[in-house]
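Lettered A, B and C in written order, each chain numbered from 1.
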């Protein structure tokens, strides 16, 4: 039986009825048409579905939609503010820190969470923070450089 | 023409969409009335299907269609047509599709799957290539002799050998006789998965007029179109394949994958679209995997390090179906000298059916597997002779004037320079610390494609002076959109952001054979270059008339056609895009449409008995990687500290993307070297998820140093050669060679696990090798 | 996608325990869900009810106790444990172990209670807690009990919990000044992997406590090794001999993560490394140096 929940998505209040067995990723993608977060494995192993819940990264495939009640969810679609790209988005473009792009939304959200809790990470800290986001294309080096560059920019 | 665009690191054209989450993949599609599909797959590695009863499945509310092999028994396949969309008489691996359901919800589809009753009689299975070729082995394809095939492939009827490719270069016995010494060893490669982050996804819909539209996350829209047309007996022009961004391919989305399942369902849903996105487990188990290999290599050589003769037996564990895999086995055969010159060569490459998941292309197309053997063997020979591994490679490196395995005489080869550069980057001659070591490995690869594999491109100019580039090359992450736009912009004298690149839609975009074989920059690049030159000629013709100047005095810069010596005498591309307007308002000519195509010329087949051919492939690309490792002698763990890579790419059209491609290849190679293996027990996959199929994470990334040599290729656009796949090929042997250098043990079966290293160290401690 | 189930999030322990007991076999408790939901995704588990226990007051958080030990609520996420100042200082190995679980995203959701109640032999927090002599606080619909963590595991996937019982917290006894601890884990990739072998060592004023993960049907204490070290000054402990003895306590299986033989060997190597790290910590610790 669907249950009505209220939560915030990218700064907007949302109220909708969700099935108990639906996951946060399902609601974001299928009900709210926020298809930026991707499902790469469904088991919390690849990180492609990473979104922020109260500014902390979670795998949206391992969160029930009902658990979003009262929480603030940020997806890749909510990162650019008033048409201005987030510094991470800019540095990902500059460093060509993406190829197929399927892991990119989750990767950027993990990096965003890192910079929120640690604005000046070391290279090792960046690698550690994104180690739950698999990328099969880039070899990660350009991604690490993009994150470090964004940290530099924001300071 | 602006010279700056070729060789310029312009930003990726797809990057804004991709960093904002707006880039659309097939899984993101929501169509009105869309149904959701699930696939019933075989739980048996080998069994005869006695009966299938789907009647109960139809009783689940919301179920709209159920299909089995009885509904669509046609065969499908690229080179050897050995596969059905759903198993018909037999299932041949765990994961073989047996039936599919389309329903209003995934949940209903899943429930219905559980109600399909399949009665099977289990048959004995075959799980390794050597037992599969034993005389008494159960046959996996009894009707192999009846299968349609392209003539270049040689199945052996009434065996499990789907293709046997022979290379006979000179008299091998004579070669061994001339050699001072002979060395022989065997090497093993397990099955692997591509692990594209995007699981395979497709949507199919049958229009009222009979047109079948398929949105597919595939590498080869035109190949999918053709294979579906044959399998379903539909005119090719009535199949429309649309491919938005593809979330990684690496060969796993080459040819046809799940599209047939969707079309079969869509034909029974009264026009409603049907969507299927595979689960990660299905991707691991049900899609093509990298074939396993047992390689036995025997090499004769001189004491000065020169290779004289090589006899190779390659036993490929090609899995249950070989429709595509037969060509990997062929490519390995004609590449079996590797990047070296060997005067006498005898190779037997066997494509062998087993009851394992179907093998297929995987970045490198057999070269990763082949070079794992070849480049270790050369290293072993170097150590036997007391020669430096770099030196022995320089002695034997293919160079202008030497011949390949098929007898082709090479030219424009920059391998030696790559070796020297990679050695320098890794600090080859610097002293090393205890337990650390350095290794080097070379590679070569050619695009493995039919001699008539074609590309084409269309460029339409718009009235604002911008251009739309129509191609059917897919953007699978490699940067095709960006590089092809760069080429078009360069020829047209436009900024790159004025070139819009259409995504493949076989209904509208022109023919492209496949986005495989590292061939897009080379082949589609040529087609785009010619299309742009065609459009440019049209612009110049009109401008000449409009300006009253001869064409050869005109050029195009920044969207203006102008006199070479007088920029003031000019007319805008925008003003010419739809035709030339005369001073009196009348018009001449018409909208500019440039067309270009490309087929590499002069490719010859292999002689069926000797495998000899004066030009077996379009071109060869060489590269080298060197690795530095540290080995923990207590745990056996190998830490890769640094990898250097140097490739002769002919011309790096976008160096930033070329470097990124190489770094990605290195890490995929490192991952394959240290971690990856599909653990198959009696055909059952024990690790169908990232929990136990580990791939490299960001934490595993070593220092990387990438460089390029640019020896132009005569028929490459601006000299460019294909090299995308090549970047992962030599990483594993380079690491294995470095491990040997560090601790004196040689691991010949992938992956290089700590357990194997430790066991080898023990053995060495006891005096074994 | 999961198969349909009912979700409920009780606000009291009694409510949760009563429901779980009444619907035993049909209802499963969920904390972070990072293991449970994966098993449901893979259809290994098809519960009718999922009982979210995260909203029950008092189950989430780390609090110092009067005896200067700590209580960690069962629903405390692993990231909170890994970065907690007191845990990092006094129960170093637990912070190390919590940090070694999965990815950052997983550790944001995965809880210490979930890690223990799955009763996986490889659970990273289990061996450290065993070595810390931690106590599991268990609540039932109408009773509460305390169990030494050592006695918490019956077998793989089998905690001692009766239907309707929940692990509510883990009590860490105080460690005297001059204590030290370390957790060494072997895994395949450099990050985000399950443990092939885990070794936890604690020095708490006297004697060594050693616990092992992923090398027996449950996490275990290496009692033989502990006995060998007992009653000796640290300086006289033969690390090699203790490490060898640790391996004797284990009865690992071979699986695709590691063979039995490799695990046995690695217990020795990791125990040696953990003890070496521990001794290094102690020699840097003035209180400990005085003791020697």
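Heads up, the rule we're going with is that contacts are C-beta pairs under 8 Å (C-beta built on N, C-alpha and C of every residue); 3 or more make two chains touch, one makes a residue touch a chain.
Treat the numbers as computed from the prediction; the structure is a model and nothing was measured.
K.L.:
Go ahead and name the chain pair joined by the largest number of contacting C-beta pairs.
P.N.:
Per-pair contact counts point to A-B as the maximum.
K.L.:
Any idea which chain sits dead centre by C-alpha averages?
P.N.:
Here the chain at the core of the arrangement is B.
K.L.:
Would you kindly tell me how far, in whole Å, the mean C-alpha position of chain C lies from that of chain B?
P.N.:
That pair's centroid distance is 44 Å.
K.L.:
Between chain A and chain B, what is the gap in Å from one C-alpha centre to the other?
P.N.:
Using C-alpha averages as centres, the distance is 30 Å.
K.L.:
Mark out which residues of chain B touch at least two other chains, giving numbers and ranges.
P.N.:
Residues 691, 695-699 of chain B touch two or more partner chains.
K.L.:
Mind pulling the residue numbers of chain A that touch at least two other chains?
P.N.:
42-43, 45, 127-128, 131-133, in rising order.
K.L.:
Out of chain C, which residues touch more than one other chain, so two or more?
P.N.:
Residues 1, 3-4, 42, 190-192.
K.L.:
Within their complex, state which residues of chain A touch chain B.
P.N.:
29-30, 33-43, 45-46, 48, 75-77, 79-80, 85, 88-89, 92-94, 96, 98-105, 108, 126-128, 130-144
K.L.:
Going by the contact rule at the top, pick out the chain C residues touching chain A in the complex.
P.N.:
Contact set of chain C toward chain A: 1-7, 9, 33-34, 37-38, 41-42, 50, 52, 102-106, 108-109, 190-192.
K.L.:
Looking at the complex, which residues from chain B come into contact with chain A?
P.N.:
9, 11-12, 14-25, 27-28, 30, 194-199, 245-250, 277, 279-280, 476-479, 656-657, 660-661, 663-668, 689-691, 695-699, 701, 704
K.L.:
Chain C touches which residues of chain B in the complex?
P.N.:
106-107, 110, 281, 634-635, 675, 679, 686-687, 691-692, 694-700, 754-755, 758
K.L.:
Within the complex, which stretch of chain C touches chain B?
P.N.:
Result: residues 1, 3-4, 42, 186, 188-194, 256-259, 262, 265-266, 269 of chain C touch chain B.
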